[in-house]
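Each structure below is given as C-alpha cells.
One chain, chain A, appears in both complexes that follow, with chain B as partner in the first and chain C in the second.
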Partner chain A sequence: MVRWTDTKVAIVLLTPLFILNFGLSIYPMAYSLYLSFHDINLFLNKFEFVGGLQYLKLFDDKSYIEATMVTIRFVIDSTVLVLFLSIAIALLLNRAFTGQSIMRVIVIMPWALSEFAAATAGRYLFNGSYGFVNAILYRLGLIEKYIDFLGSPYVVELLAFMYAWHLAPLGVFFILAGLQTIPEDLNKQAKIDGASFFTRFRVVTLPFIRYAVIMTGIIATIESARTADMIIVMTGGGPGTSSQTITFYIYKVFFRGLDLGYGAAGSWLLMVGLIIAITSYFIVISKRRRVMQY
Partner chain B sequence: MVGDKISRRKALSTAGKVVIGVVAAGAIAGATGYLAGSSAAPARIVERTVTAPGRTVTVEKTVTLTGPATVAWPPWKPEPVKPTVPLKWVHWGYRPDIITENIGIFMEQNNENLEQEQITGPDYQGLVETKFLAGEKFDMVYGNAFMAFRWVELGFTNTAEELPHIEWVKAEMFESVKRAYSDKQGRLAGLTYFVSATPALIANDELLEKAGMAGELPRSHAELYDMLRKIKQRAPEGMIKPYVPHWFNAFWGTVWSLLAEVAGRARDPDLTKTMFGKDFAPTFDAAPGDTVYETVSDWRKLVDEDLVERAVISASSDTVGTEAFWTGSYAFGRLNGLYGYWNTMDPAKSRIAGKATLVPVTAEAWGLIDTGLYCWPKNNHDFDRSARLILWFGYKDNNGKHTSADKWAKEEFLHTAYPAVLRDPDVQRAWEARLGPKTKETAERSEKWLETMASPWVWRSPLYGEWMVKAPDYLAKCLAQEISPRDAVSGMRKLADELWKKYHG
Partner chain C sequence: MAKPSKYLVYLALILVAFYSLGPVYYIFIVSISWPKDVIKIPSPLIPNDPTIANYMRIFGYGAIDPMGNPLRPAGQYRELIRGMINSAIIGVPVTIITTAVVVPAGYVLGRYRVKAKNALIAILFGSRTIPPVSLLVPFYAFYVMTGLRGTYIGLILVHLTITIPLMTWILMGYFATLPTDLEKSARIDGCGRFSTFTKVAIPLAKPAIASTAILTFLYSWNEFLYGMLLSGGAEVQPFTPFLTTFFQNITVETSMAAAAMMTNITPAILVAAVLQRYITSIKIIDPGTVVI
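And then the complex of A and B:
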C-alpha cells in the first residue's frame, strides 16, 4: 500500500500547475531569451547567434528610446491617476449611504470591460470631430470649436486617463477591503482630538491601507507598462509617434516586421526595467517597515 | 445545281473535302475559342449538307468556342463518402455569415468536411506565419497580394499554377489583376477572393453644391488639392474640413496612400520608375522634382493649411476617417477600397447615402490594388481536396457558377478578377437597390479604377515587409508636423537602402 505523505500529496497536486506554468510561461520566456541572442530572418534562412548585439542595437535605436520615454510618461501618469482614483472612490464607497451596493457594482464595471472596449469608448469620447466630450463642452459654451484631443501634445495623458478609468476599480476594491479593517473608534478618537480630514487620513487610514495601495501601485505599473491595446485602438501610436510605447513598438517589430530576435531583446529590456521599478517599490515598503519597527 | 449530274468520283471527292473542311474549321474555331476563353459565348453547331448522286450526306460537328470549361466543369467528383478529416480554412473573418453560408454550399455540393478558423486584428500576417512555421496543416488561407508573394517565396504556399485547368481561370481574369497577382516568375500566387482599389476617392455632392461646385470632379491630385483650397475659402455651411485623407498609422494607411498617389501622379503603375526598380533598389529621393518628395510635401502643405481632418493622423485604422466622412461634414474623402463607396451609400451607416459620387479615373489613376487572395498552403491535408477547395471558392462551383465571387459582389460590392461577374445583370440589379441611379456610372467607373490601379512591383521583395512597418513612422511624424518632408523622405530612403542591402545587396 502506497503511503501518502503530505509532501507526496503536495507534489501530485502541484504537478498539473507546474506543467501548465512551464508550458505557458517558463518555456516561452526562456525561448524568447534564447531568440534575443540571435539574428533571425526567415527569407535569408538565417538563425545566427549574435550574443548581445540585439541589445546594443536597442540603445542605438531612436524609435526605441523615444518609445521608452513615452512609456515612462504613460506609466507615471497612469499609476498616479489609478492610485488617486482608487483611494478617492474607495473612501466614498466606505461611507454608509443609500444605494451603496448598487454603486459598488457600477464602479466595478469599467474593470469588467475588456481593454479593447474601454479604448474604443475612449476613441469615441475624445474624437476631435464628433466626440462626446467635444459635444458636451461645445453645448455648454466652454469651447468655440471642437478640440483635436487625440492629436494634442497631451495625448499620453488622455490615454493614461482612459487606462486609469479602466484599471482603477481593481484598486478600489483592494483599498476598500483595507478601509473596512479600520476600527471605527480610532477615527472617532482622532475627531475628538480635533484632527482634520487630511491628518486623520495620514495618521489613521493610511497605515491600514498602505499595503493595498502599494499592491495597486505595483499592478498599475506592470499593467500600464505592458499595455498595447489601449494605444493601438485609441491613437495607433500617433499623432506621429508621440504615443508609441515600448510594447507597441515591440509589437510592430515582432509581429508585423517579424524581426524576432530584435523584438525579443526589446521585450527583455522592458522586463528588466519593470523588475527594477517593482524592486524599488518593495525596497520602499521594507524600509518603511524597518522605520516602524525600530 | 440540283439535278445536275456529277461523276461518282467527283461526288465522293467533294464530300470528302467538305468533311475535312468542316472538321478543320471546327478544330480552328475550338482552338480560337479556347484561347479567347470566353465562357459567356454559347456553343456553336456547324452543319453542312452535301447531296451526292443517289444519297444525301449530312456532316455535323459541334464546335465549342468556350474551351473545355463549360463542358467539363467541374474537373472533380464529389467525395463518395464524407471524409472524417476535415479541411481547414484560415481567414480574417469579414462577414463570417457569408463565409459560413458558402462553406455549407461547398460541403453539400462535394460531400465535404470543411472547418474554418478566424484570425482577426492587424497581426493577421504574423499569426498565420506562426502557423506555417509550426507546421500546422491547413488547406486555404486569405492573404493580401504582398503576403501571397511572400508565402510563395518562403515555400509556405503553392502557386495557383499547380491547380488543374488554371489556364481556364486565367483566361477569364482582368489583365491588370492577372499581372498584379503574378510573382517574380510570372506565376499566379493565388485565386481571387476580392479585388478592389484603395483609397477610393469619394465626393460629397451636397457640400460641393453648397460650395458652388456642383458636379465638378478632379481629374488629378493637383486638381483635387486646388479644389480643397477653393472649398475652404468658400466655407460651405456644415463643413468641418474639406478633406478626409487616408493617412492613419497602419500599413494600408499612409504607405498605401503614398504608393497609390505616386503611381497615379507619375503614371507608373508598378512604381518601378519612381520608388523601387525592377531589382527592388530604391529610386526615390528627397529632392525637388522627385514624385515621392513632391507628394509628401503636398500632403504636409494640406496639413499646414488646415485642409484635412487631423483625427485621422492619430488613428490606427481607417474607421476614424470613414466615420468622419459619413457625418457629411467633409467635401472629399479617401476610403478603404471601392467598397468604401458602397458603405457610404448605406443610409444605415452614412448621412450622405445617395448624395455621394465615386470620382472617375480620367487623367490620373487614383488607386492601389487592395485584394484578398485564396492562397494554397503546401502543408495541406490532401492535395486534391485542397485544390478543389481553392478552385471552388476562387473560381467556380460544381455547377460552373462563380458562387462565391457573385455573393461578395452582390452583398458587399467586393469586386472580383472576373469581369463576367461584375457585368452580370443580377449583380447590377443587386447594386441598383443601394446605388439607385448611380449604378451604371459607378459600375463603369469602378472597372476603370481596377484597370488602372497601381500594383507595386516591390511587393515581390521581402524588403517591403520590413519597410512597410517602419516607413509609416516617418510619414506620421511629418504629418504631425514633427519633422520636415525632406527628413521624412530621407528617412524612408535610408531605411530602404539598408533593407535593399540586407536582402538584395
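And then the complex of A and C:
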C-alpha cells in the first residue's frame, strides 16, 4: 500500500501537464534550436549542418535589423497604450453607477475577440475607401477626401492602437480587482484631508494596484512582441516593409522560402531579446521594492 | 460639485462604450448594408435600408437587391460551412483534453506546497512567452516528416500549446484564492487527498472550471496562424483561418466579408456576456497570490 503524501499526489496530478506542456512547447523549442544550426531546404531535400552561420547571417540582414526597430516601436507603443487605457478604464468602472454589469460586458468584449477579428476591425476602421474613421471625419467636415490611413507612416501606431484595443480589457480587470481591495475609508480620509486627485492616486490608489499594473505591463510587452496575426491580417507588413515586425519577418521567410533553419534562428534571437527584456523588468522592479522597504 | 462630476462619469462611460464597440459596430453595419451602399462616400454610419442578404449569400442562398437584380451566393460558401464544422471538430477535443489536464494541475499549483513549484510556474509562464511563429517552424518540420500536416490531430495538438499553459495559470490563481475550510474539514473527517480533490474541491470550483472550458473553446475557435499554415488546404482548415482565403476571393464583396466576420465573432460576444459574472472571481486577475 502506497502512502499518499502531498508530493506524491502532486506528482500524479501534474503528470498530464508535464507530458503535454513539455512535449508540446519545450521539445519543439529544443528542436527549433537544433534546426537553427542547419541549412534546410524542404524542396531540394537539403539538411546540412552549418553551425552559427544562420545567426551571423541575421546580424548582416538589413531587413531583420529594420524589423527589430519596428518591433521595439510597436511593443513600446502598445505597452504604453495598454497601461494608459487599462488604468483609466478601471478607475472609471470602479465608480458606482447604474449599468455596471452591462458596461463590463462591453468593456471585456474586445478581449474575447480573436486577434484576427481585431485586425480585421482595424482594416474596416482605417480603410481608405470605406473606413469608419474616414466616414466620421468626412461627415464632420474635417476632411474632403478619404485618407488611406494604412498607407501612412504612422501605420505602426495604428497597429498598436488596435492591439491595445484588443489587449487592454485584460489589464482593466487585473487593475479593477486591485482597486476593489482599497478600503473605502482610506479614500474618504484622503478626500477630507484635502488631497488632490493625483495625490490620492499616487498615495492611496497606486500601492494597491502596483502589482496589477506591473503584471499588465509585462503581459502587454510579451504579447505584443509575440503577435504575428495582427500584422499579417491588418497591414501585411506594409506599406512596403514599414510595419514588418520580427515575427512577421520570420513568417515571411518561412512562408516564401520554407527556409526553416533561418526562420528558427530568427525566432531564437527574438526569444533571447524577449527574455532579456523581461528579466531586466523584474530586476528593476525588485530593486525598486528593496529601496521602498528601507 | 458632486452633480457635474456625475454627468462627467456618464459621459466618460459613453465614450468608453463607443471605443469598445465602435469597430465591431461598423463591421455589423457593413454586414447589413447592400454592397453598392458600402462603397458610397460617405459610407453609411446607420444603414438606411438594412438587409440580411449578405448573411444568406455566405450560407449559399441567392438574394435579390432593391433594383430587382438577382445576387448570387458566395463562391466558397461550402468551404465556409466546412470551416465551421472543422472548428467544432477541433475545438471540442481541445476543450476536453485541456480541462482534464488543467483542473488537477491548477489545483496542485494553487493549493499544495511543492518544492519545485516556483520552477514549474516559471516554465509554465516561460512557455507563454514563446512567440507562435517560433513554434511554427519546428511544428511544420515535424508535421511534414510525420504526415500530421493537414490532419485534425495535428491541429488539435498545436492548439493545446496555447490553451494548456494559459488555463493552468487561470485555474491556479482561482484555487489559490478559494477558501480552504471545507477541504480541511473533509480531511479531518477522514477524506483522502484524492477524494478531497474530486469530492470537495471540484464541486466548489465548478463555475470556474466551466468558464475555463468555455474560454478554451473560444481560444481554439479564435486561433488563426497555426490553422492557416499547418492545415495544408481547405480540407481540415478551421473557420477563422479560412476567412483569409474567403476575403481574398474577388467575388466576395466587402459586405459579404463583413457578414462572415460577424458570424465568426458571434461566439466571442456570447462568451463575453456569459463570462463577465465570473471574470472577477476567476482570478485571471491576480496570479500574484501564487507567485509571491
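Just so we're on the same page, the second predicted complex is superposed on the first by the 290 of 294 C-alpha atoms of A that agree within 3 Å, B and C clash if a C-alpha of one lies under 4 Å from a C-alpha of the other, contacts with A are read in each partner's own complex, and residues count from 1 in each chain.
Just so we're on the same page, a residue touches a chain if its C-beta (ideal position, glycine included) is under 8 Å from a C-beta of that chain, and two chains touch if they have at least 3 such contacts.
All values reported here derive from a predicted model rather than from experimental measurement.
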| item | value |
| --- | --- |
| Clash or fit (per the criteria above) of chain B with chain C on chain A | clash |
| A:103 touches, of chain B and chain C: first, second, both or neither? | second |
| Chain B versus chain C as contact partner of A:43, first or second or both or neither | first |
| Touching partner for A:235 - first (chain B), second (chain C), both, neither | first |
| First (chain B), second (chain C), both or neither touched by A:255 | both |
| Touched chain A residues, chain B compared with chain C | C |
| Touched partner set for A:29, first chain B, second chain C, both or neither | second |
| Chain B versus chain C as contact partner of A:247, first or second or both or neither | second |
| Which of chain B and chain C A:147 touches, first, second, both or neither | neither |
| Contacts of A:130 with chain B and chain C, given as first, second, both or neither | both |
| Partner chain in contact with A:226 - chain B first, chain C second, else both or neither | second |
| Residues of chain A that lie at the interface with chain B and also at the interface with chain C | 42, 129-130, 146, 232-233, 251, 254-255, 258 |
| Chain A contact footprint on chain B (complex, rising order) | 122-123, 125-127, 129, 133, 153-154, 240, 248-251, 309-311, 313-317, 320, 323-324, 327, 329, 462, 465-466, 468-470, 473, 476-480, 482, 502-503 |
| Complex contacts: residues of chain A adjacent to chain B | 41-44, 63, 123, 127-130, 146, 148, 150-151, 155, 232-244, 251-259 |
| Contact footprint of chain A on chain C as seen in their complex | 9-10, 12-13, 16-17, 19-24, 26-27, 30, 38-39, 41-45, 97, 100-102, 104-105, 107-109, 112-115, 120, 123-124, 127-142, 144, 157-158, 160-161, 164-165, 168, 192-194, 197, 218, 221-225, 229, 240-241, 243-244, 254, 258, 261, 264-265, 268-269, 271-273, 275-277, 279-280, 283-288, 292 |
| Chain C partner contacts - residues on chain A that touch it in the complex | 4, 6-7, 9-10, 13-14, 16-17, 20-21, 24-26, 28-29, 31-32, 35, 40, 42, 89, 92, 95, 97, 99, 101, 103-118, 120-122, 124-125, 129-132, 134-136, 138-139, 146, 162, 165, 169-170, 173-174, 176-178, 180, 211-212, 215, 222, 225-229, 232-233, 247, 250-251, 254-255, 258, 260, 263-264, 267-268, 270-271, 274-275, 278 |
